């Protein structure tokens, strides 16, 4: 592992958070549109707090916090660290100001640089630095989805980026899909295979240990469900037919009067549009259907005579894809709901100490998403990556790929 | 299959519902203590409605309902049948009276007997009759847990049965455990095995299709966690240590100020008691810990340096048990939480029509429980049976067996 | 005061509660349709508890409660007495059974008779006995409105009484109104008058002290607003015009999707009906509009270019009525909302001890209703009587009389 | 009326809003701490919207809105104007930015100046201008209470103003009270007097019409209840004795675990402090008790053997005070809860059109407060002024003056 290179990468990641926040005002960075989302300012501070708390507190001699109160203010959920500012009230923190948070970032960056110099050969230091970097990348995706949600609550529907091009300069741009191929199916035979992270590169603890898993024969659609296809589901009264829905999904839909994906809007001519980071745009029928809840993904699959894949099926197919079996849109378009609830792999053990709270304690009542989205930072995706959200979440970039079971004869 | 015998069994099952309700007043049968629970009267009617709606409507010439309004009143959740009386308002149905519901039961029983006579050789008729019987057995367990919950809400803590003996005459009595054996572990090697229902006997659709599953090496505790052991967890501040809990479980515990299992009470001398169907009883340290939520079961397992088994591990061990590998308390004590969320087996397909709503639509945000409880009717348990409840449910008889992962070397 | 006579009246009132409950099953008596309403069984016990707690506890030598637990179970809201069973859980008290409550009534009646014999000349004993009798009369009205609400929640819409005639035998029957007179106005000049209870007869503490009050000139409608008139308001989009509503009323209406008075139903031919204690009946356009909230009464008055009277105006007009100025439907039809919030009269002082909690502590965020209704027991109304309910309450028999301010010149 | 002078006053009032906002960052101006409070930015825009909508729309030829979307965004509650942005989401409006709102203010100010020039002799124009000015003054008080509430939610407890002196330059400073006089009582004889606004000066419609009202003899405390006195109530377990509380107040207190006035905090030495606009300060025992709900004011009065005054008593005493009968702290300290619910005066009629929604539609379930507070703009108080808030509101500067009823003989 080349440490110097790693540190340069670390600096680039830190820098990218600022680039995401660049077109935002201090006001934009302060607001919290719902308890699930966090203000950009809070995230800029929290990702910094992560380095200060988990690295500098341990590695700096005579450690002095930049500001003692931040230990509580910017703690997200680490009970091992102590008290936390209540999550739904993150949007009330007008102080510290964005300027102070920026100064906090710079201060911690400088101290990390010094520490890095001193602990060049300390493997644990590098492990923590890498974890903080990955953590910040996760927040970069959240910053984009959270700001999108916030702006969507404003009846002026502001465009954060003037054009798709300005947005693209920050994001990993998915390949434009000119003509949508027909929905083909790829078959997979039954197999005992190894899943979970392999190798020395970074992964989160929830991707381990690598273990054996058996899949019965199945098939996957080679591409994601498109807006055009999802529109056909809506027009076929998909949102009004309880037979297609999980019981809990049907209750969710009715109690919230849901009739379409999160950011879709119909204009007076009944034409469909969607809110994006560059404003309201005409719905592109070729693009992957996006901002769907697990309930919606599951109902669509029922309607299409299919089901969601398990995370094992997805990972198995992706391994084969890397060996030449073709699937498209595995990464970079939208996260793909699986039917697998988020649970520990056999033999999973969380790290000791507060850092062990990173993943394990969330393994209940959430569903795994695989792949990555247009908002995922470059280099932050892999076939063993396990994203997870509750079944009702739709403000992430979440869509679906269809699966079907096969019998051995087929 | 001997049809005459089957019909006699059907009559016995129908009769047993009346035996359960026998010590209850019309008032007891009317009340609903929470939306999750249903009044006994409603359940006596609903189990009857099941036969009238799914069998008589189809098989009776010139079908006339006993009472047209019951089609809506006693429909639980079948959208395919049409409208439903709102679940939280089942406890407001003072009319029809218990007498009328009893007359409804008798009327439908007589008509089923006639229909059975006429369709002795109709396989589908027998399949539906068997399904209705199994459905009624499930409700018999719910009737006992629901009435227990209702009576526990009454500060007089009424004893439904004068003595354990009167209760035992109705229930499958678990073997009294005189001295509790120490907690031993049984090892299992990695294996690709077949799970799911096998054979011609009745099973629910969620137990099918039988399919292959691979388990990595693991071990199980040979008996369930006992009250004495659970008490040690409480005394070690188990309910005050967030490091042991799933994040959602910790929120649940705090928002509801939970400090012990559902029916436990401490008297003024700090001695522990529990509410039972024969009144408040001193807590028996030898008995299996009971009325735990998934959150509590999971926190206990963390504290004990173990985890919950997956449903596959449980089923695999039970298959081996039937071949001689000894486990105790697999059945008849309490349902055992697994770490497996309730989801369809590979190749699962629900039946067509309203009857297909029986299981499939509940496969989200619930966890599988295996085994059976002291309240489960005799003959209503098997190694492939999948019970399921949300992670917060505790009014069922739910406890836990511990599991640990092994490496191949161990 | 003839004590023997008073005691006979006391027995008649106690007997009337049983007459009201006579057509009800034990199941009917057990259910609670909403936290505001109480089960009939609970009310039969609570009115008995009132005598046991406030009279027998004090007057009986070696007082022994009928059942110690009842002190808590049947305490409504008297903090001075101690703990209370939570109000929303009154409908879960399947035990004690209705039979036991009936035995409780009989036991307390016998003990009161003995005590009465012994304390014939004790003025305070008679005061408490009278208060308990008036308290029971108030509950008789509540029993009728609560059972009406409960039965209205049952989609079978059961008729409690076979015919209006059977109902009339229990109730004070309002005079049938054959032809509705046109809505005339009666003028009143400005006046300083005395309001509040006068004389030695029983009244509640909230009607005292009698005090001077000045009214500016006003006019009142001589009769109540009728169903026909209220229907005109509905047809003129009264429920869709925010300009007519108090802001809080508009929010109430929208959040609950309210479009008509509580028990009104429109059949498939768009014909209006209302649910009554003798089942669903065609709406009688001549009858006083009923089951209105304060918000609805206020919106109707706005629409009619009028306002609600103050309670002082109502009482002043009623005093003049007794001297010959004619108003109709003052009593026996429905309670009449006034614009006066429920607050203490100048010089008001609550009694000391728990009995002082009877009225005073409810003097906030409630509005005064005057008159009496078809459900009010005979002899339980007077011009100084102050009934009160929150602005959103509609399950009582509540309607309105219009008022308008005049200038001195008019 | 000197129009030129009036316009200068108008400019001063507009300017004062900017002075209040001066020490605030754009972030401070954006956040909304609860649905009852509004962001400062929103208030700066809304007060401007008031002039644009109610004056410029009518008086400007070829009226063009500054920004069409603002008509909805900054409408508070005027249904007559049309749609409104939902109140609880005012804190999500990161756009328009504070800069744009400031430009909006300047633009409207310039257009008002031009219109004023043209309509110098138009009485209705001046009436609307005066109403807008008074409206803005009301918001100036709200801006201060809302920002105080927002900052109190920040665990850093920021000081908005460095010192009391800087605050005083903006506020009407109450006279410092060096030594607290003992609590004396002033007696008032029964009287028929005239209440409501008199004369040609501005008043709100709810202060009219002037009308006769009769008060029975009473007495008032010459000064407000102090912090020292309120502390004695706390120490006497005032918050733990239900006998002192209105039933609804007791429920409020228990459900929210309330134990002291809104901004009081006890440090580790059990010493009492309060949060102020210049940070956390030691509690001054001499100052008037402040930030009390109606429930708390009422409970304190009960404990002190007194009651709250009616608004008529308060206004009557204030009229006599102006004639020499001495009371202190009538104005400038804190608003004083009265026992009078907010309701229309006899003969009250709201203005026609949307402007008529200013007051009348809020006349339900609110209580009248009299006097004025340290945050009330100079010149914005008078003896007939009726402020009003729900019984649970405490983020305003609200305290109490005691009253007692007298009999004629006393």
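So that you can tell them apart, the chains are marked A, B, C and D in the order they are listed, and the count of residues begins at 1 in each.
Here is the rule we use: a residue touches a chain if its C-beta (ideal position, glycine included) is under 8 Å from a C-beta of that chain, and two chains touch if they have at least 3 such contacts.
Values in this document were obtained by computation on a predicted structure and should not be read as measured data.
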Any chance you could name the chains that touch subunit C and subunit D both? none
Which chains are in contact with both subunit B and subunit C? none
If chain centres are mean C-alpha positions, then the most distant from subunit C is chain A
Taking each chain's centre as the mean position of its Cα atoms, how many Å separate subunit A from subunit B? 37
Length of the line joining the C-alpha centres of subunit A and subunit C, rounded to whole Å: 58
Report the inter-chain centroid distance for subunit A and subunit D in whole angstrom, where each centroid is the mean of the CA atoms. 46
Two-or-more-chain contact residues of subunit D, please, as numbers and ranges. none
Mind listing each pair of touching chains for me? A-B, A-D, B-C, C-D
Given the complex, residues on subunit D that touch subunit C span 77, 79-80, 190, 192, 211-216, 218, 242-243, 245-250, 294-295, 298, 307, 310, 339-341, 343-344, 346-348, 357, 361-365, 391, 405, 407
Using the touch definition up top, name the residues of subunit A that touch subunit D in the complex. 25-28, 30-31, 33, 41, 69, 72-73, 85, 89, 91-98, 150-151, 153-156, 158
